[in-house]
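Two complexes follow with chain A in common, the first pairing it with chain B and the second with chain C.
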Partner chain A sequence: MSIDIQTVNKLANLSKLEFDDTGKEEVRQKLNKIVEFISQLQEVDTENIEPMASTVHATSTREREDKVTEENHRDEFMANAPQTEMGFFVVPRVVE
Partner chain B sequence: MELYELGLKEAADQIKAGKITSVELTKSYLDRIASRNEEMKAYITVCADKALEMAAESDKRVKNGNPRLIEGVPVAIKDLFCTKGVQTTAGSHMLEGFVPPYESTVTENLWNAGAVMLGKTNMDEFAMGSSNETSYFGDVKNPWDKTRTPGGSSGGSATAVADYLCAAATGSDTGGSIRQPAAFTGLVGIKPTYGRCSRFGMVAFASSLDQAGPMARSVEDAALMLRCMAGYDEKDSTSADRPLNDYDEHLAELDVKSLKIGLPEEYFIEGLDPVIKAEIDKALENFKQGGAEIKTVSLPHTKYAVPAYYIIAPAEAASNLSRYDGMRYGLRVEGSNLNDTYCKTRSAGFGEEVKRRIMVGNYTLSSGYYDAYYTKAQKVRALIAEDFNKVFEEVDVIITPTTPTVAFELGGKITDPIAMYLNDVFTTPASLAGLPGISVPVGTVKDGESELPVGMQILAKPFALQTAMQVAYAHEQMTDFKMRSAE
Partner chain C sequence: MHPDYEMVIGLEIHAQVNSKTKLFSGSSTTFGAEPNTQANIIDLAMPGVLPVLNTEAVDAGIKLGFALKARVNRKSVFSRKNYFYPDLPKGYQITQFELPIVEHGTLTIDFEDGSTKDIGITRMHLEEDAGKSVHDFGDENHSHVDLNRAGTPLMEIVSEPDLRTSEEAGIYVRKMRAILRFLDICDGNMDEGSMRCDVNVSVRKKGVTELGTRCEIKNVNSIRSVVKSIDYEASRQIDVIESGGEIAQQTRLWDEAKGTTRAMRSKEDAHDYRYFSDPDILPLCLTEERIEKIKQAMPELPDEMKARFITEYELTNYDASVLTLSRASASYYERTIEAEEGKKHDPKLCANWVTGELFGALNKMGKDITQSPVSPENLGELVGLIQDKTISGKIAKQVFEEMLETGGAPKKIVEEKGLVQITDVSALDGIVKDIIANNAETVEQYKSGNQRVMGFFVGQVMKQTQGKANPGIVNDLLRQNLQ
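The block that comes next holds the complex of A and B.
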């Protein structure tokens, strides 16, 4: 199974990344090598094996009381934003 | 002896005894950093003023008779732990200039134990790399040979400790990012059991694998540093709610005669540099002489760990890194509309390796491939963990080489992702299984003109890190390895 330019375009769109033509071809070649490498797993017999998503050794999920533990840090959180106005994050226009 | 040559424990003892002050010690490090960091590139940010302020505070505490565990000892922090008011970049252009409004739990714990922060260390971008060369902030040099990598992703922390630019440092290990650089620079590096250190305030790479740990010049220092970093934290839902050991106080309690060591045959394979094997054999011989039982064991799925890791980690990374959208923090490059702004921001902010892993992650997670890759990798992960469970019924610890080769040349593997990934062949299995592991130096070997350190990995059962530390400590007492001295 090899990755073509259409797949690279689709993945770039899913990833919100863009590449120029040379970059695209380089990514395509490297992704092919990586996919070939990770495809080794197909030879492992995993019949009746449960997928392991986490190694957390806890037996139950913790719950806590539903109460506010943080104060308002709005100004501090906004301080790192590239663009703000009146205490809001400014995003490019989305409705024409 | 210069003050910067003191280890963590030694320095803390001397400060508490009033023999030296924290300000003196901190200045000693700051002077050395000022003369060496431009070349070594260990630190991205040095916070001299803050360090001296914290040191003065520590000296006051000592004077008032209430010093804490590592009062006044200067440490370095990998630049993916959020530090309130101090730039935190994760080695990425994306986060250049990002100043966290809050503190990570690991660093908060260190400050509460009395540590002084010298600065933030260089690293592979978002911890994705094994040579520190994916950093936006330049290649870190290995003090043993400046043409070589200190390893990665915690390469800045490794060089900071090995070049005496701090007493100890924090690292993080997702697939080997503490253990491999520790091996490449002659240090002790510990990856604790998953859940032992809180991930709160750590810039996320692959959340089911990321774990913080210490790097230091001795087992005792690493154990003490970990004791000051770790602990239960309700802000991290995967944090382990278990009592924390005072690790450094029980290092000498091992009875080598009743120790059972497992040697997995799959780790002593073609591709392992024979000089590394010879150094490990020397260390094992010491244990044998001491009466330990050494037996060959089998971890049959070992060779699938790297491919499984390079499915799981990028998949989690692709999800985690979707937060970098240029809206709330970090870089923003304006485009013609919202989507274009996302694309331009992320394309300018991320480096090549990060982009590649996001693309791979989105490939294995996309419909049609999800079961063939992502679910398959999780099943293989279960088999790898089961291999370890079985072996740990028979042995106390597993010993392996940490890396298949010694530190390689800067520029040597960066163009070939697979060659770079294979560096992690001995470290990823324990990461996938969530096990604790330590890399300790066993000796040095000649490679060309250079004398380079070799690391040995000690793995233990979940939350049996104390045992692994004791084995590391016993080894340290028996080995003839000597840490390089400061120039």
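The block that comes next holds the complex of A and C.
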């Protein structure tokens, strides 16, 4: 598998990143090197081996009781936001 | 619907778990709170925080698994679904992808003619909801974000493409909602968004086995819209095919006001979600002990209650399924049977009155069973009056109208209005004889074989008795006297 410019365009779009043509070529070459490196893993025989979701096998994930433990700290959170209005975070218009 | 085509429909239902807190944080999930007052550091994706799973949501998933006769996976895995949107602070949604908590279930839907159909359930997984973006508020260059809903636990229930008509889809959603409510794991309020529906529709020529290209319809927020959007979308697709075109795989948006669907995005620019298992959360492993405990505590579900009503009360399949669509209507019905101490009211007659007169009247008033002006005790008493022949069925309808208006007790209404049925044979015989004597011509018609004039005589008796004559006795007397 090798990465072409179309794939770079798609990834850039998905990641909301923008590159000029030189940048794209640079990214393409770097990504190809990464893919090549990772491809070594393909040599390992994984037949009949269960996919691993975590390196910790001993227990199940932790669970908590269904109890409200958090209070309203809206003002503190809003203090970090560039723009707010009537309790909302304000962002550039996004309509799909 | 074009007679040569059939629809193939699959549904994705998002049901909000009615837990007090979010799937991975201790923030409250109360509906309608001030914007952003129920979003904490975890929901806002502050650096360094870790999600911890809500045990209530897991239990809800196990319960639904049993109710859908599905496999409850002993091990399931939470994954990250990556996309960028302002109402998703983490830049990914935590959901279950390859290993959901529940797989391979069935939901049985009931039709009016008493028949049933099994609809396959592909899977059910747990996931967190996103926040809400408001676009029609403030100036037009900005959107406003409320993160109260971010992290709310959802159960996504995916059906097999087993539904063939919009009607079936409507029945399926109603049945699913009934099950969720019986289990008390989701309030099922579609207008508050605690139950939402995405519809997948394709069409194909009858007899064809391959599936056509499907479109997914989003933003369908009521059972009525489920039915309407499917009908619209199917005929749109048939029109495209019939005029020589091809269906493009798309996500479409239901426009409630216009009653149409419109393209939202095509498959080419569909998201690539780059799923991977979430390193912050270990796999969820369920012990046999936990599963068994939940299994033992399962409440009676609509299908089991339906089966009990059929055997215990000898109801038809359909009546039983209608009565068991909500716990409230089932218990209302059972209370009409047991309304009077030491007396059991005819279960079939009670069922007729509840599903017929009462549901009809409530529907007209736009009320549900919990708001009924007629109490189950009073309706049971009314059935009792018909049963012991104090009043006729016809008079009962008159009494029922009065009960709807005043909420009064039927015995009192019958007494006050003098509506007690006349069962005195000799009194009725006198009236019958009079009528026969005064209508010689019609009697001749009857004797020469025109049985239909019987209705005229019955009508005359009822007129004279203001409808209070016992119809059975009147019929017998007329037949005897006309011999």
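Throughout what follows, the second predicted complex is superposed on the first by the 90 of 96 C-alpha atoms of A that agree within 3 Å, B and C clash if a C-alpha of one lies under 4 Å from a C-alpha of the other, contacts with A are read in each partner's own complex, and residues count from 1 in each chain.
Definition applied: a contact is a pair of C-beta atoms (placed from the backbone, for glycine too) under 8 Å apart; a residue touches a chain by one contact, two chains touch by 3 or more.
Predicted, not measured: the structure shown is a model, and the values here were computed from it.
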Checklist entry - First (chain B), second (chain C), both or neither: which does A:K33 touch? => result first
Checklist entry - Looking at the overlay, does A:R74 come into contact with chain B only (first), chain C only (second), both, or neither? => result second
Checklist entry - Of the two partner chains, chain B (first) and chain C (second), which one does A:D66 touch, if any: first, second, both, or neither? => result second
Checklist entry - Touching A:E18, do we find chain B (first), chain C (second), both, or neither? => result first
Checklist entry - Which partner reaches more residues of chain A, chain B or chain C? => result B
Item to check | Doubly contacted residues of chain A, that is, touched by chain B and again by chain C | outcome: 10, 14, 16, 51, 53-54, 56, 61-62, 64, 73, 77, 83, 89, 91-94
Checklist outcome for this item: Seen from chain A, its contact residues with chain B in the complex are 3, 7-8, 10-12, 14-19, 27, 30-31, 33-35, 37-42, 44, 46, 49-58, 61-62, 64, 73, 76-77, 79-83, 89, 91-94
Item to check | chain C residues within the chain A interface of the complex | outcome: 19-21, 25-28, 34-40, 44, 52-58, 77-78, 84-86, 98-99, 133-135, 137-138, 140-147, 264-265, 271-272, 274, 277, 279, 281-286
Next on the checklist: With touch defined as at the start, can you tell me which chain A residues reach chain C in the complex?
Outcome noted: 10, 14, 16, 51, 53-54, 56, 59-74, 77-78, 83, 85-96
Next on the checklist: Going by the contact rule set out above, which residues of chain B touch chain A in the complex?
Outcome noted: 98-99, 101-102, 193-195, 208, 234, 237-238, 240-241, 301, 303-304, 307-308, 310-311, 318, 322, 325-332, 334-335, 337-344, 346-347, 350, 355-356, 358-360, 362-364, 366, 372-373, 375-383, 385, 417-418, 421, 432-434, 462-463
